[in-house]
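The same subunit A turns up in both complexes below, where it pairs with subunit B and then with subunit C.
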Partner chain A sequence: MSPSKGSGKDLDDKFIDLIGKFVSDIKNGKLRGSNNIALSMVTLLETIISDSQNATAYELCTAVRAAGRRVAAALPHELVASNVTRRILRAVRDENRAHANQVNQTVEGSGESLQRLVLAAGARRATLGAAQHDLREPLRDHIAELRGELESSVSSVCGQAKEHVHGDEVILTYGASALAEKFLRAAPRTYKLILAEGPETAESHAMAHRLSTAGISVTVVSSASIYAVMSRVNKVVISVSAALGGGAVLAAAGLSAVTQAARHYSVPVLALAPLYKLCPVHATDASYFNALAPPHSALPYERHECASDNVHVYAPMYDFAPPDHITLFITNLGGSSPSYMYRLLSELYDPNDYNL
Partner chain B sequence: MSSTDNKSREDVMAARQAKKLAKQKGKEAAPEQVQIPAEAQVKPATPVQQEKPSKPEPKVNSLKSKDEVDKAVLKEEKVIVADKSKDDIKAERAAKKAAKQAKKKGATEGGDAPQDKPQVAAAAPANENMTVKDVVETLRDIAIVAKEIQGVTDKVIDLGAKKAEDSSKSKAELKAERRAKQEAQRAAKQAAQEKVVAKPKAEAKAAPEKDATSVKVEKAVKPKSTEKPKVKSQGSHRVNWFQHLYKEHDKESLKTIAINSNLHPAIIKLGVQLASRVVSGSNARCIALLDALKKMVRDYTLPAKTEFARGLEAHLASSLDFLWAMRQPSASQTNAVKFFRYHLTQLPNNVDEFDAKKTLQEEIDRYIREQIDMAGEAISIAVRNKISNGDNILTYGCSSLIERILLDAWAAGLQFRTVVVGSRVQPAAQHMLRRLVARGLPCTYIDITALGFVMNTVSKVVLGAGALLVNGSVLGSAGSAQLALAARARNVPVLVACETHKFCDRVQTDAFVYNEIGDPDDLIDKNDENSPLKDWRTNPNLTPLNLTYDVTPPSLVTAVVTELAILPCTSAPVVLRFKLSEYGV
Partner chain C sequence: MEIDKENVVQAVVIMDTFNDHFNPISKCKPMSLLPVAGVPLINYILESLAHGGVGEVILFCCQDGPTIKDYIRKSIENKAIWSVTMDVQVMMSDSCQTMGDVMREIDAAGLVRGYFILAGVNTITNINFGALLEQHKQLCKKDKGAAMTLVYKKVAWEHPLIGSDKPIFLAADANTNKVLMHHKYKPKSTEKSISLPLEVVLNHSEVKLHHNLADANIALCSPSVPPLFSDNFDFQTRDDFVHGILINEEILASSLYYTLLKGNQYAAAVTNWKTYQTVCRDVLHNWAYPLSFETGSTEQNNYLFMGNHIFREKSSTLSRSCSLIEDVLIGSQTHINDNTVVSKSVIGKNCVIGNNVTITGSHIMNNVVIKDNCKVLNSFIDEQCTIGENSVIENGTIIASNVVVDAGSQLKGTLLESSEVDKEKSLMKSTSECTEWENESSGSGGDDFIGFEKSWSSSESCYSSDGSDESSLPDSPVPEDTNIFLQEVIDSLARGYEEKLKNDYLILEINSSRYAYNIQLHEVNFFVVRALLSMPVLAENKNVLNTVKDILKYFRPVLSNYIKTKSSIMDCLRAVEDSCIKCEWLDGKSGQVLHLLYEADVVDEDSLIEWHKDLEENESPIANQTSLVKFFDWLEEASEESDDSD
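What follows is the complex of A and B.
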């Protein structure tokens, strides 16, 4: 955390206004869905980059990181925004390195070798170098590429549905998720779906309704009978909130029950995780990252049980599944096992940016 | 149904009288020529009535024919023909035969419609030789019957609709039925309007009224014909693996309760309570059953020349058949019945009725006291010894035994916190929470989805059980296996509190072999007016599945706390053998 100056100092007021608008859009529910959030974060950072006074690597990095930090502070649950920030920081660094190489013609390390990972422990500034090029032009290509990747990530995840879901299989999915729904729609329609309702029942039911009208045979079970039906399930398909570095997963509350039951019956668990959901975080339980929803989702306020001081009611939003509960991550680059996620991390982000 | 039977019978009688009158008149002076065409035209109308919903043409047909009949009636009054030719007599006979056949056809059709059809058929030939008064009278009768029929049709339609709601059907069938219903209602309206107009007027106007009634009769047949295929197609909306578990739904079984059976009122009351889940929980069900049996024994009157045990046994069997049709017996109930039967067979042959009743009632009281009450106390003490100050005890759903254990432990001065886990579908846990909070226990309530959030702070899991199977599996309410699994993942000990009267000689390894399918509508969010699931019945691809039980394998249970000892699950067969020798259970 060497350049830990106050974040406000690095940013112009107009950028701060932009960030404020972005954050309020998300908080007011105008902007929903991790993919949309990722895309507008890219747009936000693009504006910041193209409107910056000085476009040297160092200046850009500072501005982008400051913006990312601001968003992360305001929206601690939108890990996607931080991930996108890291991707752009990585692009700035790559561009800067390419320029430096062009100038010096001395190749100090070839790409992302393990050696470089080990040696890259120095200060952030050291890797940025002293070159004073204007990086805006080349960064535009990088950002366009990133945007293209984000836009196509859902379709490329769903494109793999045929490889994983076959006819006459019984697939279990948990809760409501736009990505899981698209994935299940993309698969051949001959499978049977068991939809276990998640904490947000209305959305789960709506998803069940939509899938069934699309011609998929859907059985809705409550979150209590997941274990009972698990023995007949061939595959579990879940969409995650975040894929963690060690191969663990953060997802909607109640997921651990699903993955535990799946593990008990040795049912493969496919986690749908487009790369923008990959977080450079290593956690061993959900306490690292959890938030409580309003308790009325568990116990309605009108029930007078909860009026007593003696009663605590909890309704957490997220749940944690350890890496050994996940069989396969399906990213937009293809399937990868949980043990390989750390490698994807180092391909996507610069180790210096793991902490924004 | 029986009331309509009577009515239609009366009308048939009336029609017969009318026929007789007509015959008598015909003998005096019979212009039979007219009758033949009229009969011939009426006849085709009746088979059409028996046909299925293709109505528009038949309606027109019958209209014409009835008009002609009336014209004929009018004519016949003017024309007086003196002699009766042989041909005429033959024709009359043929007409009568045809009418009889039509009656027979109607009778073979079955249901409530046939009783009306012959009546129409009989009334038609009767018209010929009647005076205006007669005709008006018969028509009035018909109109009254038609009203009755309308009532019955409405009922049948309602029933049909309700059945349609409960049982599953394809879209096409639903549509067809709806169309039929609409048309029936429309026809009924028309008929009612026509009646209002027609009644005060003369007999000429009565003809269309009759048509309306005949149309209505026709309508009465329709719901039947659409119901038949429905029964076959109940396969959809049933999860394949659970086909064997689906049964006529509770709402249906409640309707079929016989009012005039010789069942004891206490048994019928219990049946309704079981079916509507007013009495739930294995202990409550067992006690309620024993209580009802006690009342049954008390009020039992021995038929003459019958051995007490034999007579009561027969009575008991019919009562139990009724109860089990309302809801499948729980293990505790099965054991209680076994116990009761055992003591019934132990009665000496020449036992006095009074003594026998006294013995049986005492045995029932003893069973409740020893097997349920004292066993609960013993378990409560055993579990209390396992709870220490500062513990976090997690429990799932609602169990009277667990509630007792926790309240006793709290009263004994132990300081602990209870985590009550509930699920959205089963509100029982909220009742449990309310009762615990009312006694001042500090509680935490979470939904089963939040299990991972609290499990690392829990020191013991205490679960109730519906039954302990002989292979060591625990049959509990849906979700308890998930709880045990989550506890195992955190190495939290799982204690199952289960009296030995819930031990059961069945063997089960998963929740599929035996289970109960709860009301699928319970899955739908009650607070949400337009829940996306609410029209699942019209969507053949969408099936809500509401399981009641869940089987926890013995590997996930640390120990079972019984009144005898704290045992591993796998000791269930030993306990069962012990009980068999001691109680005959």
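What follows is the complex of A and C.
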């Protein structure tokens, strides 16, 4: 999925400055949380689209794609930004096609049917050259819709909490996550929560504290004892960094141990994945699975082990959980099984944009 | 950005280190462009400042200003990430020789508006500068005199960052983090004990002692810092400043604080080859995240991670039979041939490494060619070098750019640079010089040990150099502070006498040297008189006494400034004694000199008599000199006379 080289030429200087601002905001920590990043990315791309001089489908696609590539190159681990770019590209393509359809309006069959989609597959892959008209106006609606979806995604995921978490159940969650916290708050408060410490211990403790003040019975366990407590757990709820194409997930380091234990005890695992976390990345892409985080959480720098030249401290950034460890993805559209993820992907993104 | 200019966090980065620890590499390119793990140092500091929320940076260059300016301009054109949020300004001044000069220049130009961050270009860190500066501002609200907060990273005592640099001992108030004592050990010193003043413990309920701090060359400064440097022109380095503030806390009405970095923050300074090596390793091991070996480029993820902290650029090519052991970074377009073994090394871009080469613990810059069957151990090879077949390069050999090493060379702990005079890429061997240096520095107690990691090279013959400010040429004995002080006083007095300078200036000069060398007041009295009597004019002149008279007359204000009290008069007389013994031109003339002093009202009778008694008790060699005996006879008579007349 690595972006191809040489994309700077396609963009105006003012856009490059905007992108630089966006990237440095994320790097400085001014912009945190995948949802916020996704929303700012939409705003950024909206500016690029509305300020483009030439608003044909081809021009817009090029500009948006170049911006997406640039962000992806600077921030390879913010997968959300790339996903949003793909969504907008899809919108441009759809709008272009709709317009093309309008132009050569045929009498029979208005609206899209499954049969039409299949037959039109060739046309869908066609180049964007032909139509020469302004797409900005219709795209504005698409972008507003996308923004609305992003804004409501957390609440719509959390809205499903009642269906999955019931009274007197024992729920296990791993590490600190804003989404998981909201989800657990939205559920009826009679369940018992076991919170396993993630790599950021202090944040896990803070989350446990907030939940317990909200009236949920919380037990914090160390990540080493996950296997021991798993037999008593009814459901595992986790928030993921990215839901991958094959139904696997990328999540905070250490998650693999949780899902393995859950699998062994046949405990259902619910992965909270709003649609913007769906990535057309497949489990063969090593760059995400090998990424290293700073090792401070694994071994403090003060320790005398670090003084030696022969010590290697590894702290992986992500953990990978295969599709068969996940029971259900909870997206804003409802629950879907891992084997259905590929279908969602092709609904959300155009296959041409899988590689930005 | 213009609107809230008041709130913009300012940082001053000093682009020179004012030492020659990185010779000969630092001779041909500025320190800021020295690559650490393939990235020039300046990129690290700029990116970390941008991450830390700094809005305006002043880069202060004392050398190679245009090169740096050019580099900054190019980076801005390439839309480096930091250029978006940060305003970078390059200041140049060739006249600055020390950090103190830089601060004085900054004060004179009024470059800083308020609180600011002071960092060196050799700093690599991922701390949040903005938050730390805010912390310092809060502290200043409590203590108006807080001048500076020093930033330290706690590391293990065995850590090479401590061991190879000058370790620090720090005593501080545990409640306020106010620094009470700051002591820098000499490297490899054999000091077994350290004395902690009693009042440090008595005046504070709780005192923290730190001995395991790594100095990252970062300080958070109040607006009062540049004026303090201007007022005290003997402050040459930050250590002088720290020392000066701690000694004269009441006079300067300033105090120092320190802060320790939290667990997940990394900070280190590249001060010599050994710390260079350590910092490179830490960068490879991702301790400085988000700074990495891809810092400064807008495109990330161009390196493939191959386990064991081995990274290679996607466009590099490795032979199937070569093996990379651990901690290796390979730049783009580099090719490594068959059966080559690389471990704990950084290899730059466009390099070609031949067959059967062994590279361990070395740093190889861009465009280097290493031919077959070479061995490169614990060495540094700069850009565009070619190493011939079957060469062995080991033990901290440092090769500057554009050097061609002949096939079959054996180099151990050598410095090589191409001589630019004849514009040919020839060799300048400096092996002999190097060993000399080594002997010299080990003889004088080893001021700075800056070779590569000892444990990696089996022998201790690392490149070491004497880089401290007051060190003299290798062939002269290292003078003690007091001797230097005496020499300086003599120099300034002689100059004053020749050029007929105002005595006030001379007093100021003497006082500043006094602080620079940390001389006690009674010693100053002693040395001033001693200097007066050892001025070079005296040695050349035939009529010594007349000249002494002249000198005393001319320097009367200086003398009266120092020689006021009884004890200072005794210091003065002791100096006369010392001079009469040591200076041949005063041989046998002690009585006359004393007479002149007596006439000039510098010394009084009682002290003279007391001193005379001391002389006789101690059996001083001048006690029985005829001139002296005569003088005291005369003195007794005179006093009797005056008694009679009463």
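Assume the second predicted complex is superposed on the first by the 322 of 356 C-alpha atoms of A that agree within 3 Å, B and C clash if a C-alpha of one lies under 4 Å from a C-alpha of the other, contacts with A are read in each partner's own complex, and residues count from 1 in each chain.
In the analysis below, contacts are C-beta pairs under 8 Å (C-beta built on N, C-alpha and C of every residue); 3 or more make two chains touch, one makes a residue touch a chain.
This one's a predicted model, so the numbers in the text were calculated from it and none came from an experiment.
When both complexes are overlaid on subunit A, subunit B and subunit C end up sitting side by side without clashing. When the shared chain is aligned, no partner comes close enough to touch A:Ala55: not subunit B, not subunit C.
Contacts of A:Leu328 after superposition on the shared chain: neither subunit B nor subunit C is touched.
Of the two partner chains, subunit B is the only one that A:Val220 touches; subunit C does not reach it. In the superposition on chain A, contact of A:Ala73 is made with subunit C only, not with subunit B.
In the superposed pair of complexes, A:Arg232 makes contact with subunit B only, with no contact to subunit C.
With both complexes placed on chain A, subunit A has more residues touched by B than by the other of subunit B and subunit C.
In the superposition on chain A, A:Met41 makes contact with neither subunit B nor subunit C. After overlaying the two complexes on the shared chain, residue contacts for A:His296 are found with subunit C alone; subunit B is out of touch. Residue contacts after overlaying the shared chain place A:Val313 against subunit B and subunit C alike. In the superposition on chain A, A:Lys21 makes contact with subunit C only, not with subunit B.
Note on the composite model: angle subunit B-subunit A-subunit C, taken at the C-alpha centres, equals 70°, rounded to the nearest 10. Per the superposed model, the minimal spacing between any CA atom of subunit B and any CA atom of subunit C is 8 Å.
Comparing which residues of subunit A touch subunit B with which touch subunit C, the overlap comprises 286-287, 290, 297, 300, 303-306, 308, 312-313, 315. Subunit C makes touch with subunit A in their complex at residues 50-51, 53, 79, 81-85, 153-160, 212, 263-264, 266, 281, 285-290, 298-301, 304-305, 308-309, 326-327, 344, 453, 455-456.
Those residues of subunit A that touch subunit B in the complex are listed here as 197-199, 201-202, 205-206, 208-210, 212-213, 215-229, 231-232, 252-257, 260-261, 264, 285-287, 290, 297-300, 303-306, 308, 310-316, 319-320. Contact residues of subunit B toward subunit A in the complex are 239, 241, 422-426, 430, 433-434, 437, 440-454, 456, 478-479, 481-482, 485-486, 489, 510-512, 515, 523-525, 527-528, 531-533, 539, 541-547, 549-551. On the subunit A side of its complex with subunit C, the touching residues are 2, 16-17, 20-21, 23-24, 27-29, 70, 73-76, 286-287, 290-297, 300-309, 312-313, 315.
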